[in-house]
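You will see chain A twice below: alongside chain B first, and alongside chain C after that.
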Partner chain A sequence: MTLSRARNGGAVYLLAAIPAGFLLVFFVLPILMLLSASVLKSEDMVPVAQLTAENFTTLLSHKLYLDAILRTLGIGVTVGALVIILGYPLAYVLTRTRSRWQPLLVALALSPLLASVIVRTYGWWVLFNRDGAINGFLQTMGLIKAPLLLLPSTAVIIVGLAHALLPYGILTLMAALNGVNPNLERAAMSLGAGRLRTFASVTLPLTSSGVIGGFLLAFGVAIGAYATPAILGGPGTQTMATLIYSFMMTLLDWSLGSAMGVILLASSFAVLALTMLAGRRSAS
Partner chain B sequence: MSRRIAPHRIVLWTVVALIYAFMLVPIAITATVSFNAVDRSYFPPRGFSLHWWAMAMSPQWTGPFLFSLKLAALSAIATAILGLPLGLALRRPAFAGRGVLLALIMGPLVLPSLVTGIALLQFLTIAGVGDWLGLPALIIGHVIICLPFMVRTLSVSLESIPRNAEIAAASLGASRLVVLREVTLPLARSGAGAGMIFAFISSFDDINLALFVARPGQQPLTVQIMQFLEYGFSPTLAALSILSLLVPLALVAVFGRLVGIGSFIYQDHGHA
Partner chain C sequence: MLKAVTLAAAGSVAAPYVISARAADTLVVSAYGGEYQDVFMKSVIEPFEKKFGVQVTYDESGGAAQTYAKIRAARGAPGFDVAAELTAPEAILGAREKMLELLSEQQVPNLRYVWAKSLAAIPPVGVVTYYQYMALLWNTKKIDKPTSWAAYWTPETLHKPEVKGHLLGHDPGTNLLEVYALIMAAKLKGGGVQDMSGAWAALQDQKPWLGAVLQMSAQAAPYFENDEVWLTPYWSGRSGYYVAKGYPLGFTIPQEGTIGLADVSAIPVGAANKKLAIEFLNFRLDPDVQRAFCLGYFASPARPDITDWPASFVETQITTQAKMDALDLPDSAVLSKQRNAWVMKWQEIMAG
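And now, the complex of A and B:
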């Protein structure tokens, strides 16, 4: 038995080596080059063999850059939290309802996934711009006299990103909720726990992996999102992503672009580590 | 079952209705804006015109549109081919290097795809294969960012069957190949299908990576729109957005049922 399993495993490893090699060449190697480019000087876009910390000190000492970094992290955390808060009730209902409309409701909840981020951001721009629907409505109601300047705004970027990432959160949470046996909830209630108590001490802890996963997914995508901050933001609401685009494609300063990329990457890993640590603590 | 509706249900469904509105209203707004008679994105629209829809269907836009479809299909297929062996390998509970392999696959999930994009741009340029930028680089990049989803959905569907099912099949005399073909792969099918649909959509919608590794003439729709946006918002983009929504929608409606993506997402509580 052990022998046959080992032999079987060998074939699988061999097959897995192909995609693993693909990832090593086209993912790990480029990331390593990015890491080294961030600590090298560059001439005409190409990094030269001269170590420097200048790229990072430039990014961390200029107020514009530092603000962008902090703004991006704030956006990521807020969007992650919003996605969970909004996604949970929906995912809960979709996994628990016995309505025959359930498949349709699921399709409806996930349908925004089919629209590109640009489609979804466009709607918010139409609502919030100076001649937009919200200003129009407020003026018609007589609540304001002159149109409000709602864009560019970090708050609207957050709304736009939460909207764009909500289906991902719902998917993650539904997967977690499906793993919960509804009989456990019934048992808790039959033993006298109220609905809130049942939710807080049975359902939520059992789905914590989905909550953490959904938050991380939303945070990671949000801090690296380019289109939404580019459309709903402006020069005063730069994020890491919009700055990286300027460095790489407009200013052609690949060193600064790489360094900012490394900061973005480090942020993702820091939050991943923190969340996993918190998850482990709550589990034990 | 009584028809009387409990109060907690009313609260819950109201919340749910509001969240649905939040999700769908902006898309509905985009759709209506495309019918404006003037070259402004007014909502509610002023006048009625199909002019912007005609503009959206001009060759300027059908080219990138078809390019995006081709890119998404190729990325989805490549992701499935590379993902299946990974999913099967990771099923084994403990082997040397399992953690490393998992980190390797899930890395791109933790990494913003924009970082993967600039890394790939630099790598291909410095490695002297700058002419891969365009379709080849886009496929490579999209496979990298879609593999974590593929492996995850595969793992979920592979774990959904008790190991006993395979052991039972083997004990009843099925060879390892037969077990793989008759028990394991049919279970993996829903996961692979869901992963491919994810991959197709991620590729079709991606802008963060495509922004850096596309090239003029080989640009997906999203990048083209983003560049067009520098000249301001036009109702053409609204029409285009809705058009770009229809193709994947049709695809999922047909293909999603075929691979049973529904049963993958919500395993009915009725069945054991």
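And now, the complex of A and C:
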């Protein structure tokens, strides 16, 4: 009996050791390498063995880079909020409907995931570019004479990212809504609460973990996204991810690229910590 | 269970060594994709395979800097034997970081036939396999043939207002083309690589005339297709390709001259099959291979001793010593040092 338990315990540790080892090798070590590269001095694009904080001061003192950092965080928060605001009603309907078409409706809501993000982003480009469908429509209707310059813009990047990440928000919110006992909502209404009050006092607090999770998921992916800002953005709408790509892959200045990577990572952790803290406070 | 896990772990640890232990008759070449790949396969890869009885694996890559980033990240052993599409700045960096194999004329006999300029342009860690230059490309249906870089850099003085929004810009952070274009703008105002102030003033004035700014040259294709771009600096190779495809485009070298781009092939220090890689570099410089590739890709040859080119080719390509002498090849070491600062300045102006 004892021997069998010990064997089972060993197997459990072994099973846990495999993903833990994977994470150590492919996540923790690269992060450590990123951290070390971010504090190395760069001489004409070649990192040299000399510690410096210069990379961070360069990034945090130039308006251009500071703007890109703030823009990225703004995009992340806006996309996260949009995903929740747009995704919640849809997730609510999809979980509460008794229609026999429910599985089909869920599949339709999640169907954007079947197309590559590049394809979906170029779809927005087709709509918003100078000779795109939106300008064409407005000109045909006689509302504008010359095409509007809708691209590149931060607003369109937000639209593209919110569209790409909405299904993830819906999935997270549906999981939370499925965990809510409908009898609690019925009980609230039987005690006189209206639909709005029931939602605000019962449903929303009980699904706060899904709201926070969905927001964090959308925020985290949005601030690290490269393809959408690269396609729908331009020189005046740089984000941290596009700058990192530029530093690492074309300017070959890995010290500055790593420093920007560290700032991106730190921003993610900061928002994660703040949101978790806010979640705990509201729960208590 | 334990056995399976052990086997899987052993397999994953051994995998890189199994992969690197390639057959001696297999060569991995990293080069561009798209239309370039078709030309490269037919004019270089297939004849090489036939002549040496070997197999070449084509590793489709991004731009020169991306390819070099892979070499650097893998400490000189990126999994390919030949980096077929580097440029002078990467070759200089590769020599400094000792990431590229040193080459001699003894190893690559065809090096004795290349343009003298090629040997001066890069350290001996690569071979200049062909040249392109920055052309001024225009839409023949929309505007007249431009004769000066001023048509691009001071559009308000030369064009009607309807041209506004139809100039195409390029991101100097991702495309060397814009760096070269900015140097030409500085030259127009009496400056150059050492004094770029004129370029920034020109960029500020030109900015409202730009319809789009692209990260990579290849992204321009849809803009050419729908006549959205009327004027842009563009690489001569792709320019020739689009003209041959029937687009209403023309490309020219304006009266102030232009800047050339030496395309470099090199071997990473950790390449698995260096011997065959060296043969490949020498083969790329063979006259027949040069002719087939350059005609297919609208590129200028790496050696001056090939004659009897078609007249239309001679008209647009660098085939004579006089033309090569006129081609400006900026000091890549200076470019490498200055590029980050220039990119930052460009971004500040464009974001403002």
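Just so we're on the same page, the second predicted complex is superposed on the first by the 268 of 284 C-alpha atoms of A that agree within 3 Å, B and C clash if a C-alpha of one lies under 4 Å from a C-alpha of the other, contacts with A are read in each partner's own complex, and residues count from 1 in each chain.
Following the convention adopted for this analysis, a contact is a pair of C-beta atoms (placed from the backbone, for glycine too) under 8 Å apart; a residue touches a chain by one contact, two chains touch by 3 or more.
Quantities reported herein were computed from a predicted structural model and do not represent experimental measurements.
Chemist: If chain A is used to align the two complexes, do chain B and chain C fit next to each other or clash?
Modeler: Superposition check on chain A flags a clash between chain B and chain C.
Chemist: Contact-wise, after the overlay, does A:150 reach chain B, chain C, both or neither (first, second, both, neither)?
Modeler: A:150 sits against neither chain B nor chain C.
Chemist: After the superposition on A, what does A:264 contact: first (chain B), second (chain C), both or neither?
Modeler: Once the two structures are laid over each other on A, A:264 reaches chain B alone.
Chemist: Hey, is it chain B or chain C that touches more of chain A?
Modeler: Of the two chains, more chain A residues are contacted by B.
Chemist: Which partner chains sit in contact with A:238 here, chain B, chain C, both or neither? Use first/second/both/neither.
Modeler: Only chain C; A:238 stays clear of chain B.
Chemist: Check the residue A:131 against both partner chains and state whether it touches chain B (first), chain C (second), both, or neither.
Modeler: both
Chemist: For A:251, using the defined touch cut-off, is the partner it touches chain B, chain C, both, or neither? Pick first, second, both or neither.
Modeler: The second partner, chain C, only.
Chemist: I'd like to know which partner A:89 touches here: chain B for first, chain C for second, both or neither.
Modeler: In the superposed model, A:89 contacts chain B only, not chain C.
Chemist: First (chain B), second (chain C), both or neither: which does A:64 touch?
Modeler: A:64 contacts chain C only, not chain B.
Chemist: Just to be sure I read the superposition right, which of the two partners does A:206 touch: chain B = first, chain C = second, or both, or neither?
Modeler: So A:206 meets neither chain B nor chain C here.
Chemist: If you stack the two complexes on chain A, which partner ends up touching A:230: first (chain B), second (chain C), both, or neither?
Modeler: In the superposed model, A:230 contacts both chain B and chain C.
Chemist: Could you tell me which stretches of chain A are touched by chain B in one complex and by chain C in the other?
Modeler: Overlap of chain B and chain C footprints on chain A: residues 18, 45-46, 131, 230, 248-249, 254.
Chemist: Taking the complex as given, what residues does chain B use to touch chain A?
Modeler: 8, 12-13, 15-16, 19-20, 22-30, 33, 40-44, 82-83, 85-86, 88-89, 92, 95, 101, 104-105, 107-116, 118-123, 125-126, 140, 143-144, 147, 156, 176, 201, 204-205, 207-208, 211-212, 221-222, 225-226, 229, 233, 237-238, 241-242, 244-245, 248-249, 252, 262, 265-267, 269
Chemist: Residues of chain A touching chain B in their complex?
Modeler: Residues 4, 8-9, 12-13, 15-16, 18-20, 22-24, 26-31, 33-34, 37, 45-47, 86, 89-90, 92-95, 102-103, 106, 108-120, 122-127, 129, 131-133, 163, 166-167, 171, 174-175, 178, 182, 195, 216-217, 220-221, 223-227, 230-231, 241, 244-245, 248-249, 254, 257-258, 261, 264-265, 268-269, 272.
Chemist: Help me check something: in the complex, which residues belonging to chain C touch chain A?
Modeler: Per the stated touch rule, the residues are 1-2, 5, 62-63, 65-66, 68-69, 72, 90, 93, 96-97, 165, 171, 173-174, 211-213, 215, 226, 228, 336-337, 339-340, 343-344, 346-348, 350-352.
Chemist: Mind pulling up the chain A residues that touch chain C in the complex?
Modeler: Touch residues, chain A against chain C: 11, 14, 18, 44-46, 62-64, 67, 130-131, 147, 149, 151-152, 230, 234-236, 238, 246, 248-254, 256.
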